[in-house]
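Once you scroll down, you'll see the structures, which are given as structure tokens.
In the two assemblies presented below, subunit A is common to both, partnered first by subunit B and then by subunit C.
Entry: the complex of A and B
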């Protein structure tokens, strides 16, 4: 019983990071309708930017914010410089996936060329151990969880209470209609890529803090559970991705407590395949999202 | 269909060849573990690798039958290939786990190293020619016409009475068999195989070969593979080594590969050699260029 409670605690902590990443992934997909596989590599870029800034002696949480914003800027450049021109040329979705896969690999090996292929670490940043509800968590895990909650709340308020959020939701639901209503959809798209990149970079740094050692493949390994979370919640659905992240985090943490941890990511894989075959729109997918997904 | 999991088929062929020729895993001091462990002759093992490759290809193809968006499907394929490597790496007693298989016998091991290498080159060249001819039969005959029709417009092909599902799976099986053989030939030469050898970046190398050479042109794809494999992935080894930067040359190779893929998709999506469309009689009036635009929609 104690094992179960403890592993759920770890799952929630891991799920917070997952949810951060998955929300960014799904937000950008929902609005620009482009599946961005280079998202994982952008996450590694974030982690390595964090490493660089820690080397300058900055505070870890400040590093997380600056790193996030920097990756957000990279993400906008990626959209403006590569994705948008190709979409304008009428490239098929499959071609775009290959382009983002390639871009991801280029980014990964830029990291190798600059920082080398070696395993890196932020050092031990976990802080004091806290006990509550039968969970034993580190301060870092709790702070990351709190940051994730604040960001999710902020995103919720942005999407529901502001003009910009309404424009974003409109663009996601029907781009053409949104444009004819006077919404500057390409600017909305830029904003979505920026926010997605920011979530991505912050998730990358948060991940690097919690797992303690990483190399340039950090993000592409983490991409699978993130995609699982996004697919579970319904691709393009930010709220779905939040819940999906928590569910995937808890399920894989519990399963690795009772089963060989080496198979932990198999759970994520199973979720993707089952959801795809049984309910491709995800648990919370709307009918609009379904129309987007089914060919 | 976009098969980003093709590397899994190659890996399946390589592992099949490995466990069928290595002999029991108690040999060699028992430092590696794997299932089966027969000592079959080279050609039997290659045929088995083709069969397993075909089987795995069909299995992957089944997940692709579900009618979902192209890019979503591509993502699933990518996930399959990453996960297959993870699962095999996590199970040490199945196919050697993360360290993989080593000491896989070379069919020309009893020749001197140089003669053996050239004999191997000759054999692979022969296999390529045979493969090319088989592929020509497959893509130029009535079957090839049916496949083209299916690719360009599935509904129209189905309306003409072709069984789209059967044809898709058949294509997967044929492609899988080729992948299986290529995996077997590769592993018999390099002598070892592990999950690290078929990370998903390797799939990109295959895709780049196809894109650079020209999709739908057998000759172009063969040439593209040659350019990618020989010039890019091996050629970077001849760049001057910079001692302070380990892995830099490899990084340059992969970066060039990625940039090349993007550049070709952007500037010349049809590849160096475009697909030559066989002409059947007179083209329909006003629809001569119709085939070119059909690719874009999903």
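Entry: the complex of A and C
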């Protein structure tokens, strides 16, 4: 029983990082309808920007904020410089996916060209070990979890209580109709890409803190679990992505405690397949609208 | 046909036939250097391995060139990027075989890609000195396959032998789930059964997970005295950090393979759990060779002399697989001299001859010494960094084993030696 409780705690900690990334991924997809596979590489960019800023002596949590914002800016550049022009030229969604895959590979090798292929580390940033509710977590894990919760709440308030949020939801529901209603949809799209990139960069830095060492493939490795979390929650559903991230984290953790850890991903993805067979729109997708919360 | 025409024609045919009979020396070397293809990952997450495995090639190549080269040709180490992925390796290696001139020797062909690269090179009739540890090559009949490093199961058995010698009777075994690391497992299981060592857990972990806390928690609950562990630097650092968090900083003695003896591993792990753990609790088991022979000094000095390998010299010089490549290249180069041909189909038959003891043979420890002796018409036996080499009928050689300890980020010292015969008995 102790192992089960502990494993759930480990899963929550790992899931918080996944949730951060998954929310950013699904937010951008919900608004722009582009499956951005370069998202993983942007996470790596965030981690390496963090490494650079730590070298300047900045505080790790400040680094997380600045790194997130910087990746947000990179994300906007990617949208404005690459995705939007191709969308205007009528490129099909599948073509856009390939473009983002290519952009991701280019980004990874830009990192290699600048920082090299070797493993990098922030050093031990875990802080003291905390024991509560039968869980054993580090201070860093608790702080990352708290940051994730605050960001999720902030996103919730933005989407439900502000003019911008309403405009984002309208754009997500029907871009053409939103534009005809006077909403500057391209500006909304930029904001969505920026917010998505910010979540992405922060997730990359959070991941680098958690796993202690990383290389340029950091984000790519975690892209699939993040997409899985987003799909599980219901594509385009930020709240779904949060829960999806936690579910993937907890299931992976508990399964590796009781079964061969090599198969932890198999268990997590197997459960996702079963759940989607039962509920194809994901946990938070309704039968009438796939983007209920955004729309 | 007029008789006057027939006779000259017969003469011409005789000359042609005569030329044919000299073809036993094989295809001629084209102008330019003899290329040694270093088949290893030079891109992707395992790119550091390509750098490490190229270093002994540069060392051997430099010394061979300083001695005047082979049959009037310089040698050149040419990277062939196998990317660390068996599928991606196929087009790259195929292209290299088709396009590289005088591609007469290949080295590297590491475990992750050996299943696809070894057959390609063997089919192309190019001799290879491989560092792969796959056990299915223990009894290979591939003519061009040559290996001077032990298979992974032997290394696994040596890890258990070392743990037993240290007095550990309860051991946890955790490996990353790849062919390199799990190749140790059969040897570990056999050795543990023979030595009466209890494996409290024998599990694998996925690479690069965001957390191994659950696995660490399971291991802790089984109270092992030591852990046999092998994974990439990133996964190792995460696992040890998770383990340390759960035990208040206490870590088990760790036995791992010498492939962890890299700056990458040292940097990742020291950042996660500190250098004290690395210096005092980590033992790296791998093939052994003396670091006090003249052959070793020559090898190490060659690594130090080349700017490309200077910074790696101290680490590399003490690790088995790179040393096996250095010796392997010297052996192959001397075989070319003995065969008077760089054609692998010809000099292949001379490889055993280079290392076999024989009466009246001059024992040489460098290519230069061997070349000189051969030019004087003497027989030779090459005894290099690895000591005397005896290939079995499957072209495999595995010598003794040692446990090493880090003494710095790029240095190590041998802590114990285990005879090869002792390890063979455990696997028998």
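What to note about this one:
Here is the rule we go by: the second predicted complex is superposed on the first by the 272 of 295 C-alpha atoms of A that agree within 3 Å, B and C clash if a C-alpha of one lies under 4 Å from a C-alpha of the other, contacts with A are read in each partner's own complex, and residues count from 1 in each chain.
Operating definition for what follows: a contact is a pair of C-beta atoms (placed from the backbone, for glycine too) under 8 Å apart; a residue touches a chain by one contact, two chains touch by 3 or more.
Since we're looking at a predicted model, the values are computed, not measured.
In the model built by aligning both structures on subunit A, subunit B clashes with subunit C.
When the shared chain is aligned, subunit C comes close enough to touch A:214, but subunit B does not. Contact with subunit C, but none with subunit B, is seen for A:126 once the two complexes are overlaid on the shared chain.
With both structures placed on the common chain, the touch criterion links A:222 to subunit C but leaves subunit B unconnected. Of the two partner chains placed by the overlay, only subunit C lies in contact with A:10; subunit B stays clear of it. Once chain A of one complex is fitted onto chain A of the other, the partner contacts of A:86 are limited to subunit B, with no touch recorded for subunit C. Shared-chain residue A:269: touches subunit B; no touch with subunit C. Contact with both subunit B and subunit C is seen for A:117 once the two complexes are overlaid on the shared chain. Legend: residue contacts after superposition of the two complexes on their common chain; A:101 is shown touching subunit B, with no touch to subunit C. Applying the stated contact rule after C-alpha superposition, one finds that A:138 touches subunit C and leaves subunit B untouched. Clashing C-alpha atoms with subunit B appear in a single stretch of subunit C, chosen from 128-136, 236-244, 272-280 or 362-370: 128-136.
Common to the subunit B and subunit C interfaces on subunit A are residues 112, 117-118, 260, 262, 265.
Interface residues of subunit A facing subunit B in the complex, by the touch rule stated above, are 34-35, 37, 82, 85-86, 89-99, 101-106, 108-110, 112-113, 116-118, 220, 224, 227, 235, 260, 262-263, 265-266, 269, 272-273, 276-277, 280, 292-295.
Residue ranges on subunit A touching subunit C, taken from their complex, read 3, 6-7, 10-11, 13-14, 17-18, 112, 117-119, 121-124, 126, 129, 136, 138, 207, 210-217, 221-222, 249, 252-254, 256-257, 260-262, 264-265.
The residues of subunit C lying in touch with subunit A in their complex are 43-45, 47-48, 177, 203-206, 208-215, 217-218, 221, 233-234, 237-238, 241, 245-246, 248, 263-264, 267-268, 271-274.
Of all the residues in subunit B, the ones that touch subunit A in their complex are 2, 4, 63, 66-72, 74-76, 78-80, 82-83, 86-87, 89-91, 200-201, 204, 207-208, 211, 245-248, 250-252, 254-255, 257-259, 261-262, 265-266, 269, 295-298.
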